[in-house]
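Notes for the one structure printed next.
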Amino acid sequence: MYQVKLDKFEGPLELLLELIEKEKLSITELNLAHVADQYLEHIKDNKNIHLENLADFLSVAAKLILIKSRALLPILKFSDEEEEEIEELAHQLAEYKRFKEISAKIGKLAIAQQVSYSKAPYQGIRSVFYPPEGINAYDLKNYFQKVLSEIPVASVLQEEIVGEIVTLEERISDLEIALRNKLETCFSELVAQAKDKIDVIVSFLAMLEMVKQRIIHVEQKELFHDIKLSMRSGE
Amino acid sequence: MDPEKLKSIIESILFVSGEPLALIKLAKVADATEAEVEAAISGLAEDYAKGRGLRIIKIKDTIQMASNPDNAEFVGELVKSEIQENLSQAALEVLSIVAYRGPITRAEIEAIRGVNCSFTLRALLIRGLLDRTENIKDNRRYLYNISFDFLKKLGMDSVEKLPDWETLNKKIEEGGASAPEKQIESITETPENEKLPANEESL
Amino acid sequence: MDPEKLKSIIESILFVSGEPLALIKLAKVADATEAEVEAAISGLAEDYAKGRGLRIIKIKDTIQMASNPDNAEFVGELVKSEIQENLSQAALEVLSIVAYRGPITRAEIEAIRGVNCSFTLRALLIRGLLDRTENIKDNRRYLYNISFDFLKKLGMDSVEKLPDWETLNKKIEEGGASAPEKQIESITETPENEKLPANEESL
């Protein structure tokens, strides 16, 4: 249904723009709501997205969920902050679109082979020994230690990524198990152990997915009240 | 100093150096005022524009002498190396953002792309297509600028001549003040140097 | 070929090379006859004689572009300022990397610092603080070492006597991650990194 392209999407805006453009839509809040489901599907399946950027994909997913829920329930009131986030996403996407388009032009220039070359500097000029004054071997050591301390550490992020990749599918099955045991829980309980915002979003996505698959039933008495989750009766 | 003489001196200096030179340094070495040097450089650039083999490339107040890109096919033979290098989509986007919006922080670049760019930035810095300077306002964050090598690669003599410069140099008008700054935080909580995505995709 | 166009091409070639080029080679690179090239060179030499900052030097059948000797005093000032200006923070860092990790290639230095170092290395070479030797394993790449003069100035007769040389010389990356080293390879192993080999041959 949404076989968009084979290349992986490096970032969320790239994916979102592709979805909008595939449907020949302009960048408006309503159209963002329209493609929100397709976007979430991509994330859910970890399909064609660069997983190391999952956090960035999820942050946009959260905004799309806001937009989508407003489109479905125009009566919903949003906080100023949420309003701003929604408005911002459309702006951000419009801005990204401009740069994506210009980068294609820049790419063409780069392969056009209309290159300027410079010459080797100071050709034919002999070096003159001119050591910096007042520097000793210990200064050199200090400079080198500073250099070493600034080498970026790749492993930190790697762990983060590995941690995140498992999330959604696992969360769904965790939730299912929890519900089978308890038959009922609420969203606040579900995210009580959440480490960060992303964690909450993933739980929320998992919940939506299960609603969609008709595994669970959700209920919210009043706006901003806790969401009750229960296994669908008769299953 | 006689303007023609100064033009000759500046031409000699730019030739011998071969590297980008700051206007202020040119003025010092040529023993002239910056205004005089600027006039001499404009004069040179005009001369070169008449189908000469040389070019003056300018980024802000720094100047480099280079060859005319129209002759690239011949000069390329001599230089041999410059194997066709494919810049990835990510690299091209980052380069474009820096070219049109630089000087710019990593956070601002990431706000536009919506994704972490540290790996691409690092690769472009090493490749010399971007330059990085300390941010005076905030010493934890660097400011990124386009480099002479980038302009030379595109055969341009200044960023202002890039396509659609006038329109893209400006931000899209937003409802309120520029909001992106705020929302960036989620992406850039890590200090500048850490957070290197582990994938080894090349430029 | 149009004589003016050929003149422009020859000017580009002579500029980028900077070294003496045989007439026959110029003709080949410019895709013209030797007679045509000679005419173009005469034309250039005439132009330059009108008080320009450049000169054509012709020795037998080799041709070279050079700066106008009338401007030698100013070129001397340029070189003097290059040599005597204070070393930048970046230069001191590169110097320390070469001291503790030499012999080392430019690509390796750039991998450690995460930025292009060609200008910095050049600045250190012209002051005689570094030496550069051919890399036996890979002739496209130079190996950099701290110069003997500079070592002597530091009061040492070998790099091994630098403080904590034993530990700092080993390539255990402090963060515990050896990954950066690997990662960098993928960016810098491209021939691209040694673009413009001429750039490294100077000095």
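The first chain written gets the first letter, and so on, giving A, B and C; residue counts start at 1 in each chain.
Heads up, the rule we're going with is that contacts are C-beta pairs under 8 Å (C-beta built on N, C-alpha and C of every residue); 3 or more make two chains touch, one makes a residue touch a chain.
Just so we're clear, the structure is a prediction, and the values are computed from it rather than from any experiment.
*Asks:* Among all chains, which one's averaged Cα position is nearest the averaged Cα position of every protein chain shown?
*Replies:* Chain nearest the overall C-alpha centroid, as shown: B.
*Asks:* Need the most distant chain from chain A, centre defined as the mean of C-alpha atoms.
*Replies:* Between chain A and the rest, the longest centre separation is with C.
*Asks:* Round to the nearest whole Å and give the separation of the Cα centres of chain A and chain C.
*Replies:* Taking the mean C-alpha position of each chain, the two centres sit 43 Å apart.
*Asks:* Distance from the CA centroid of chain B to that of chain C, rounded to the nearest Å?
*Replies:* 20
*Asks:* Can you check how far apart chain A and chain B are, centre to centre, with Cα atoms defining each centre and the answer in Å?
*Replies:* Inter-chain centre distance comes to 29 Å.
*Asks:* Which chain B residues touch at least two other chains?
*Replies:* Chain B, residues with two or more chain partners: 15-19, 65, 67-68, 70, 75, 79, 82, 122, 196, 198.
*Asks:* Can you list the residues of chain A that touch 2 or more other chains?
*Replies:* Correct list: 117-123, 125, 150-154, 156, 158.
*Asks:* Would you tell me which residues of chain A are touching chain C in their complex?
*Replies:* Per the stated touch rule, the residues are 117-132, 135-156, 158.
*Asks:* Quick one: which bits of chain A touch chain B in the complex? Just the residue numbers, please.
*Replies:* Answer in residue numbers: 10-14, 50, 52-53, 55-56, 59-60, 84-85, 87-88, 91-92, 94-96, 98-100, 102-107, 109-123, 125, 150-154, 156-158, 161, 197.
*Asks:* What residues of chain C sit close enough to touch chain B in their complex?
*Replies:* Touch list, chain C to chain B: 4-5, 7-18, 29-31, 51-54, 65, 67-68, 70-71, 74-75, 77-79, 81-82, 110-111, 114-116, 118-119, 122, 179-180, 182-184, 186-188, 190-198, 202.
*Asks:* Could you please specify the touching residues of chain C with respect to chain A in the complex?
*Replies:* Spelled out, the residues of chain C in touch with chain A are 12, 15-19, 79, 82-84, 86-87, 92-93, 95-97, 99-100, 112-114, 122, 125-129, 147, 149-150, 153-156, 161-164, 168, 173-177, 179-180, 183, 196, 198-203.
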